[in-house]
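Multiple structures follow.
Below, subunit A partners subunit B and then partners subunit C, in two separate complexes.
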Partner chain A sequence: MTDSLLTRFGRAVMATGRQPAFLLAVPSLVLFTVFFLAPLGWMLRLSTYESGGAGQSKFYEPGTFTLARFVEIAGDPFFLKLGLVTLQVGLIITAVTMAAALPFAIYVHRAHGIRKRLLLFAVVLPKLTNLLVLMYGVLLLLGDSGYINQILLALGVVKQPLPLFANLAALVYGEVLIVLPYPILMLVAAMESVDPSLEEAARSLGANPFRAYYEAVLKLIVPAIVTSTLVTLIWGLGAFIAPTVLGSPDYYTIAIQVYSETLENFNWPLGAALATVYVAFVALLVAVALMVQGRVARKWAHTA
Partner chain B sequence: MLKLERVGMRFAGSVDAVVDLDLEVRAGEFMFLLGPSGSGKTTTLRMIAGFERATSGRIELNGRSIAEVPPHRRDVGMVFQRYALFPHFTVVENVAFGLKMRGMPEKERPRRVEEVLALVRLTGLEARFPDQLSGGQQQRVALARALAYRPALLLLDEPLANLDRRLRDEMRIELKRIQQQMGTTMLFVTHDQEEALTLGDRIAVMHQGRLEQLGTPLELYRKPATRFVASFIGDMNFLLAECMHASACGTKSTARLAIGGPDQEIAGRHPAGRRVVVCVRPERVVLRPTSGGGARTGVVKYAGFSGDSIRYAVALPTGAELLVREPALESKAGFSVGDAVALEWVDPVLNAFPE
Partner chain C sequence: MGTHCVIERVLLIVAKCAWHAFGLIVVAYLLVPLLLAFGVSFYPGRSIGLPTLATGLTLDWYLEFFRDPRWVAGLRNSFYVGVISTAISLVCGLTLALAVTRHRLRGETVVGTLLMLPVFVPAVIIGMQSLVFAQRIGLWGTLTSIAIAHALWATPLAYLVLLSGLRRVNEELEEAAASLGASPWAAFRYVVWPLIAPSVLAAAIIAYVISLNEFIMALFLGTPDTETLPKMIWPQIRHSVSPVVAAASSVLLILTVIAIAIAARVVNLGRAMQGR
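Entry: the complex of A and B
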């Protein structure tokens, strides 16, 4: 018997009686389990340990179980403010990103040939750079001795460098740079899947170009608009690098706080509890969004 | 009603899609644009609809040039090949869309929608979405949607191409009925000559961007103006011949067929010595038994019974093959493969084109 390894493998699979198609999901499931579900479980357990003694000589107190960290988070106005700031930052990032992404996606969708390919390449271009490098690039532009301030100083427009970074605007600008390609690509993909003759049909039925585009393209991609907004919001809520490099302590997000609790204060249970609350909130958000998505799309299609 | 004058379309960096096209569609007419793919028929339709801009010439609708009129202000409806129904709208919403866009008051819309749905026999399916309909039903919705606001001219771009044969035959009859009932002027693009012959009041045959011939189905079939039309409309045999002399009256000539036999009269004035192809329809050929040999004879190579008729392929001494279709009569015994047959045709004068 000189059956190849693949043949024997195939026979073994058939013998299990399972749909072989299931195997296609195995690599993903393994990765997902090992690198996401298992750490998630570990994080949950971590959040219920006692913090490690005075001066945090230990990261946590093994063998303990307490919900004290959650009580601490719920009771301390600091964490409430942290949550609200994170939400505020996330929503602003989402609003700015989507306001830029949708028109640009339409522009790409309307373009043809080489121009369309160049535009799409331009969209993914920032993704070829390391995030941190990208952020320091922004700093190079906005910093006290950055290009903009240097030019303004040289021209004598200002006497002192303008405070262009370490504020909300710079933080949002930086994070939008990071996130923007995702909704654009999602929206363009959705637009491309719409039969172009629908728009022509709308035109021949009496719709002007704008109305035709709205009725026969945009209304059809509402589910993609909802999904891409959601993806953007998740990025925005989890903003870490942009607030760290370009923001100010007033706009430190939960992600930054989790980082400093675990790696600066060595209070792993608190960091884990904070992360747990955050993950639960985002999961809830996604669940609600996915539930209403279909209804939103249908309603939008039939009104206006 | 619709008039095209020397209309041309040249796409950048490519051959001319449409060249100097003259065409006039009369009010209430069911006109066909017939041609193989790449003949420019769809481009012509899209220029009339306003989706493409003619690079030369003039298009008039009801006496007014529509070159500067955008598609949504042209009084032209269109039925697309793949229907282009709005998947997010119900049947009613699809049909009412044109009424809404053209500003018909909301109160008046339901009556019109109901009317036109009854016309295409879709009553009862109002609340369905396109993906809940069969292909034939979707086709009807597309038709109803385009007819609802009563455009002066309805353009149809191969609307039946995606239907199976039985449904297509059914829709053809329906289309003709609707066209007659509404009196709508229709311009129908197709590559299916049978469709054009059975439905069209007149047919414009296009080939390589040019108009080959414009005429009634009967005219195209009986008097094809070009060799292309002769070969594209129906089945046709082309027999090689050499022209002997033109007749005195100038409308006929005499030719000697390569397969022999008496001199053959052909239509048109051809100079002596020119090689021509003489056209014979398969159903105009009569086969007679013969002992074999001699002029205008051949051997049956294929005989196929198809209900009302028998099709033969007859091998000619020249090496060519002649298609023959004879009515399958009980009184007449058919021929078998290998039989020698003598050929005759019903028409004394045949069409001919330069080779």
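Entry: the complex of A and C
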């Protein structure tokens, strides 16, 4: 902070001379551009190839250019229904996830010491566990001979096992389990970064505990709430595992269609086109959300 | 006045109970599926069930798992993919964290945000684009192609852990070493490295666990020769539910918990995750 401009300049020159910061950033930039951006670009290009001939003997027809896949997607009622189902599933998952994530993040934030660490551990563990293990556990819980049905039958509440899985509710139950840790961790991190003395100040000025928490914590993390909702929505729209394992074909999503066009029908251009539609839709969504958030934030800044 | 006070107090207690009940329900929701999958793997008998005192426990399903060469091959593939992916994540994460903390990389936030981007991209999209790209450049059917895809998720998290580790190392230590005649490399090797070693271990474990459990990218990129353990569980879970699947899942779960326990011991995981 108090360094003179000269010493700072000198240190910067010395640093670039010995180990340029840029060189150190190269591995990450290579990983990002070569193995994330380039594949994304190639996938976009692939969506404009002709499909690979009779019986899909090739994955795609090199040297062609066509927008036929997109026309196909836009014109076919099957794909329209697919898009609507994906949107419906994504929105329901987002609503349920955020309804649980925000209060639970507050719950974690209010906890202390070892209890807080255990709560965080409980949140992180499913995220670090294999999703299939999770889905398997949910199957054991909700299946026809699953534990909920066993308990209900044993208690005599029902005579026949309830159809608890292969439906929308089971799908949401499973996918929320997959997505939930993301918003919780993001929200807790945001809450932790709020200065706790603000809340104390609000209390000492006579606000009741709820009001103080609302004014001095929750209002300050609105951007984090928006971001985590957005992330949840992106994941909800990309739902794949829970709809396959726990849902029914009525609720198959775009992600599942990408998989089956690519790896079951070997129609790579169509799979790529579907993935492109998803990416474009999400990019638009994020752009709009950021724009709205920026405008609202500016308005708040003016009124405050 | 007195009854008023009592009612208020009772209401407060009820509210408190409801609040804790809510917390408990969410925790149960998060953990019960894991515990069920784990418990079932010890159930003696061909069907699915939870072991009780009457039934006793069995390790038969684990024996069956380790006796079947296909499962073992899957476990081995998962191990290799995890190792390669961890190596990539550590190299990328550590160099970038050094560039940011020690060399004041310009555009730090831009690079950090870019690197974070894949974490928010669903695995189906990364799997799809990695598949078509791997096919194009001739990497398809290699374990490396899966490892690189996993590294897209693991690197940003490794970077965050290492960044927080490096930020906690006082830079004056390095300056002191330098003023005593240590080369930058020597200062790094003998001063910084021992101090960040726990963070490096934690970053490695997180990267490894992510790779070990990731499944959708492995599903897209995997070929019969490069099936990871999760990819082998997938068709089983869709078509039949056998206790061996529970054993296979539990092997993943046990490996994960051991890894996290080690990580939690060496660093304060909670703090690391919040990027501090």
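Criterion: the second predicted complex is superposed on the first by the 268 of 304 C-alpha atoms of A that agree within 3 Å, B and C clash if a C-alpha of one lies under 4 Å from a C-alpha of the other, contacts with A are read in each partner's own complex, and residues count from 1 in each chain.
Keep this in mind: a residue touches a chain if its C-beta (ideal position, glycine included) is under 8 Å from a C-beta of that chain, and two chains touch if they have at least 3 such contacts.
All values derive from a computational prediction rather than experimental measurement.
The superposition on subunit A brings subunit B alongside subunit C with room for both.
If you count the residues of subunit A touched by subunit B and by subunit C, you find the higher number for C. Look at A:Val138: by the touch rule set out above, it reaches subunit C but stays clear of subunit B. By the document's definition of touching, neither partner reaches A:Ala273: not subunit B, not subunit C. When the shared chain is aligned, no partner comes close enough to touch A:Ala224: not subunit B, not subunit C. Once chain A of one complex is fitted onto chain A of the other, the partner contacts of A:Met191 are absent, as it touches neither subunit B nor subunit C. When the shared chain is aligned, no partner comes close enough to touch A:Val172: not subunit B, not subunit C. Judged by the touch definition given at the top, the superposed model places A:Leu164 against neither subunit B nor subunit C.
Of the two partner chains, neither subunit B nor subunit C is touched by A:Ala242. For the pair subunit B and subunit C, the minimum alpha-carbon spacing after aligning on chain A is 11 Å. By the touch criterion given at the top, residues 12, 15-16, 18-22, 24-29, 31-32, 35-36, 38-40, 42-43, 46, 59, 100, 103-104, 107, 116-117, 119-126, 128-141, 143, 145, 147, 177, 180-181, 185, 188-189, 192-193, 231, 234-235, 237-238, 240-241, 244-245, 255, 258-259, 262-263, 268, 271-272, 275, 278-279 of subunit A touch subunit C in their complex.
By the touch criterion stated above, subunit A contacts subunit B in their complex at residues 195, 197-198, 200-209, 211-212, 215-216, 219-220, 297-298, 301-302.
Taken together, the subunit B residues at the contact with subunit A in this complex read 49-51, 70-74, 76-78, 80-82, 84-89, 93, 97-98, 101-102, 145-146, 149. For subunit C in complex with subunit A, the residues that touch the partner chain are 19, 22-23, 26-27, 29-37, 40, 48, 50, 88, 91-93, 95-96, 98-100, 102-106, 111, 114-115, 117-118, 120-126, 128-133, 135-136, 148-149, 151-152, 155, 159, 184, 206, 209-210, 212-213, 215-216, 219-220, 230, 233-234, 237-238, 241, 245-246, 249-250, 252-253, 256-257, 260, 264, 269-270, 273-275.
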